[in-house]
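What follows is a set of structures for review.
Each of the two complexes below includes chain A, the first together with chain B, the second together with chain C.
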Partner chain A sequence: MLEYSIVAGILFGVFFGFMALGLNLIFGVMQVVNLAHGDFVVLGGYLAVIAYSAGHINPVVSLVGAFVLFFVIAFALYFPVIPRLTRSKDPEMLSLILFFGLSQIIEALDVIGFGNNPRSLPLAIMGAAPWHFLGQSYQMAWVITAIVSLVMIGATYLFLYYTRIGYAARAIMGSREEAAASGLPVAQTSAIIFGVGIGLAAMAGVLSPFMIGSVDPSTGLGLTTIAFAIVVIGSLGNPLGSVLGGLVYGVSVMLMQTYFSSWSDLVPYLLLLIIVLAKPSGLLGKGVRNA
Partner chain B sequence: MNSRKHSAMIVGLSAAMLAGTLAGCGTSTSAAPPTKNISDITIGTLYAGSGAYATSSLPEYAGLKFWASQADKSGGVFVKALNKKVPIKIVAYNDQSSATTATSLYSQLISVNHVNVLVADFGSVLTSVAVPVAEENKMVLFDQSGTGTTFFTPNNPYIVLTSLPNSGLWPDSLAQYLIGQHYSRVAILYDTNDFDQSQEQTLVSKLKAAGITPVYNSGVPTSTSSYSVLLNNISHANPQAVIEFGYPNNDISFLQALKASGAQYKMVFTVFPGQLPTLFTTSDGPSSINNIYTYPAPPLISHAHVNYGMNSSQFIAAYKKATGQSTNFLNIAGYNTGLIIQKTLETANSLSQLSLRHAVSRFSGTIETLDGKFQINSEGAQTGETLPVGKFTTNSAGKVSVDLLTPLS
Partner chain C sequence: MALLAVSSLSGGYGTLQVLSDISFQVEQGQQVVLLGANGAGKTTLLKTLVGLLPTWQGTVAFGGEDVTAAPTSRRVKAGMAFLSEMGVIGTLTVEENLKLGAYYLPGSEARRQLDTIYQQLPLLKEKNRLAAGSLSGGQRKVLGFAKALMGRPRLILMDEPSSGLAPVMVNDLLHLLETYRTAGPAFLIAEQNIKFLQGADHVYVLDNGRMHFDGTPEELDADAHIKAAYFGLT
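Up next, the complex of A and B:
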């Protein structure tokens, strides 16, 4: 049971690390706290469900559509909203209020558009046969979801470290003022990162029915809370920190489910508490902030 | 920069956690008139317009509204205390599935709206906060589907369970079936809430009385959505029967994970496919409940003898005509609550709350509705209805049917 819990926790954690990636990117570049992050994940889930039920489109294909669609939506949302926030005296606090409102609006629209019932995808889409590893069988849907998540995390890493926009984004993460003074296109870079962050959230949403069973309008809040915990555990503003935070979260949840199942709900909050007390900058905090 | 970020994150988390507890949106409300000049009977209730319980709460509320509209079509309900028919008016607030919000809204219904009759929202979680509020304010709580055993105590006369038996009684038929099938290796997975824990406790005690100790028995938070590791742990116990007590979202995720795991057991039981089969078949296809055992509830089963209100087929037709919607059990539960309130008003000598409660005791055991026999014990818990065990079968065309495996009553 221990081996199964650890391997399943890694698969689960890789997905959740990917799910939190967009939140971390947006916060790192814009110091904007996106409380609607989980709601964008849910919207991605609905997109996958509708695409599959209406056109039998495989969720792996829907990933591309989700990214493009939500990148465009976020890009359009950026210009009337984010520059005003970043120019304000307290962008974090204002973003909390603004994105909390946006979260409520999205949830209400979800109820109107999709109803309250949980919506799901057949796990067999990702393959009916289980994956055998170390004498244990794992759901193929989890394995494929974790692989896709890893690929997307890798792609994000390459984007940040080997593209012009990525360089600019990392420079802005270090110091927005110095990046602007150096002549970097701060506004355009921020807009793109905002689009990428929301696009990644929607992509994680496409995969979410395979990991969390189903999505409904109220799922977003819980996902936002988990994403925050993961981001704080790993490191604020560090995309790689999301991956590490996701792994710590995933393995901890699965071990708790195995040995103290009634308490498994407490995992994100306990981890958050421990990290805030023991290493407030997160597990990878120091390296990134000084990079 | 870092300290700013951390303070922002702490505030962010606080805001995220508070989000689920903020007040709900109201609907139409008005204060009830003084008893002497009563022109309508005001029924106060809550519904979950969003959140985890909306799936179940909204159809139950729709059933109650349907009853009120049917009653008002015929000029209202007969109120013995007034010796005349009086229209029904429903005052309802949206608690958004939040128990915290529900607490203040129940108080508001009593102290601001001065409702004549108080009806709880769906399920044990949202009813649990109504029980002390009603008792403190000496209002009878017509509890539709909050079946947790802890709600019913000898010292609290202010509660009546209308549409489901006390959850401690639910597993009676299940235990009988398991014992009858000689299943000696039983695994139980339950959510840690009043509704599911009551069932787990009853089932375990009945199995132990028959010399069966569950090979796996574990509780999980109600918010659990990932069941793979739990199922793997269950498989190590090598059970013949796997029993999962959860809410609809839990059951969906559990059955999905079970299907994906490829594990096979002689018997897999979950609660809500019997009440909301369409939710499961639309979510993951008809095969998702094929060979699943459950408690089938009306309209999947039909009570032959009905002496109060519509029977199943009449209800299905009338509900479809009025709302355009198909019927599920929770519509029937809401309608049945209305019938119990109607009978109470027909029976009570005055509109005082204790008179209403005494009236319920007087007609208890004498009426049979489309939901079964209505009978309460001295603590207000439903004991007349029984929940049989049934098994779903899906044919190649995707048609779902259920076979009863234990007697209906």
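Up next, the complex of A and C:
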């Protein structure tokens, strides 16, 4: 049972780390707390469900469509909304309120568009045979989801460290003021990161029915909470931290489900409390280089 | 034609006016010192010149081109570099900070410039993979200065380079400035430390957001009134 909890915890952890990545990127670059993060994940989930039920499109294909579509939506949303926030005296607080509102709007639109019933994808579309490892077997869909998540985390890392835009994004994360003083295109870079962050959330959403069973309009809030806990555990504003946070969360939640299953919903809150009391800057908090 | 020509400029933060009717010039290759006490408006003026704050009234011309409404990126492309008090980004490595200064140079030119800087300042090469935040205050100033040089600017605006530095390090910094002066860029240095007057071509004194003196260091030295009023020197 212990091996099972740990291996499944790692598979889930990698996925949840990926799910939280976009939240962390957006916070890191523009100090905006996207409380609608989970709702964008849910929208990605609906996209996958509808693409599969209406056109038999495999979720792996939907991943690409979800990223492109939500990148464009978020990029367009950026200009009327975010510059006003970042110019204000308290962008964090105002963004909490604004994105809480956006979250409510998306939830309401979900109900109108897709109804209240949970929607799911059959696990078997990712391969019916389970994966055997150390005497235990795991759903193939979990393994594939974890692999896709790892690939996307790696791609995000390469984007941040080996492209011009990623480099500008890291400079802005380090100091928005100093980046602007150096003449970097702060607004354009932020808009692209906003698009990437939400595009990644929607991609994680495409895979989410395999990991959380189903999506319904109210799923978003819980996912935002989990993503938030993961980001704080890893360290706010450090994208690599969310991978570590995801692993800590995934393994903890699986151990709880195995040994104290009725307590497992408390895991994100407990971890949040522990980390805020013990190491408020997160596991990879300041003092550690971002590379 | 002056490299930087500012005429009747006013500006400030939000709705708070800090600068009024400021006119001055920096010629090619000159070292110009903008002297003023804390709160005189030095930082506000530099930030307005580089486009981080809007110009309310008046004009800013750089290299003969009117840049009054241009964003910072365009002014940097045109050859302005702004060295803030902080100067570097602590979470990036030394080399990443240097490359930041050459963001708008073509890749090959940026690499050549990086090699030149490493030759001139071997300390930075030694530490090129360390986070800039792990450097000492003096090393960080050197890095900031090198970062400003990386883009081959025609004018470097420096905001209080001496702040937070021990006197002996201020001398090192002055020495570094001296080395680079002959190499080309003009410097506009906002300071309250009068040590920076040595070697300066021109001095402006800023007080309460207005220019109160315009002349050479020798003329400033001869002006007992200004010296007494602003620097408590007799």
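To be clear about the criterion, the second predicted complex is superposed on the first by the 286 of 291 C-alpha atoms of A that agree within 3 Å, B and C clash if a C-alpha of one lies under 4 Å from a C-alpha of the other, contacts with A are read in each partner's own complex, and residues count from 1 in each chain.
By our rule, a contact is a pair of C-beta atoms (placed from the backbone, for glycine too) under 8 Å apart; a residue touches a chain by one contact, two chains touch by 3 or more.
Nothing here was measured: the structure is a model prediction, and the numbers come from that model.
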Partners on chain A (chain B, chain C) - clash or fit
fit
Given the touch rule stated above, what does A:262 touch, chain B (first), chain C (second), both, or neither?
first
First, second, both or neither for A:55, with chain B first and chain C second
neither
In the overlaid three-chain picture, which partner chain does A:101 touch, first (chain B) or second (chain C), both, or neither?
neither
According to the stated criteria, A:177 is in contact with first (chain B), second (chain C), both, or neither; which is it?
second
Hey, is it chain B or chain C that touches more of chain A?
B
Is A:154 contacted by the first partner chain B, the second partner chain C, both or neither?
neither
Can A:213 be said to touch chain B (first), chain C (second), both, or neither?
first
Applying the touch criterion given at the start, work out whether A:113 contacts chain B, chain C, both or neither, answering first, second, both or neither.
neither
In the superposition described above, what is the shortest C-alpha distance between chain B and chain C in Å? Please give a whole number.
13
Hey, what residues of chain A end up touching chain B and chain C alike?
289
Show which residues of chain B lie in contact with chain A when the two form their complex.
1-2, 4-13, 15-17, 19-20, 49-52, 54-55, 58, 97, 192, 218-221, 223-230, 232-233, 236, 248-249, 252-253, 256-257, 259-262, 279, 282-285
Quick check: in the complex, which residue numbers of chain A touch chain C?
167-168, 170-171, 173-175, 177-185, 289-291
Parts of chain C lying in touch with chain A, wherever the complex brings them together:
47, 50, 52, 72-73, 75-77, 82, 84, 86-93, 96, 99-101, 103-104, 131, 147
For the complex, give me every residue of chain A touching chain B.
1, 4-5, 8-9, 12, 27, 31, 33, 35, 92-93, 96, 100, 103-104, 107-108, 111, 116-124, 128-130, 136-142, 211-214, 216-218, 221-222, 224-225, 228-229, 231-232, 236-237, 253-254, 257-258, 261-262, 264-265, 272, 276, 280-281, 285, 289
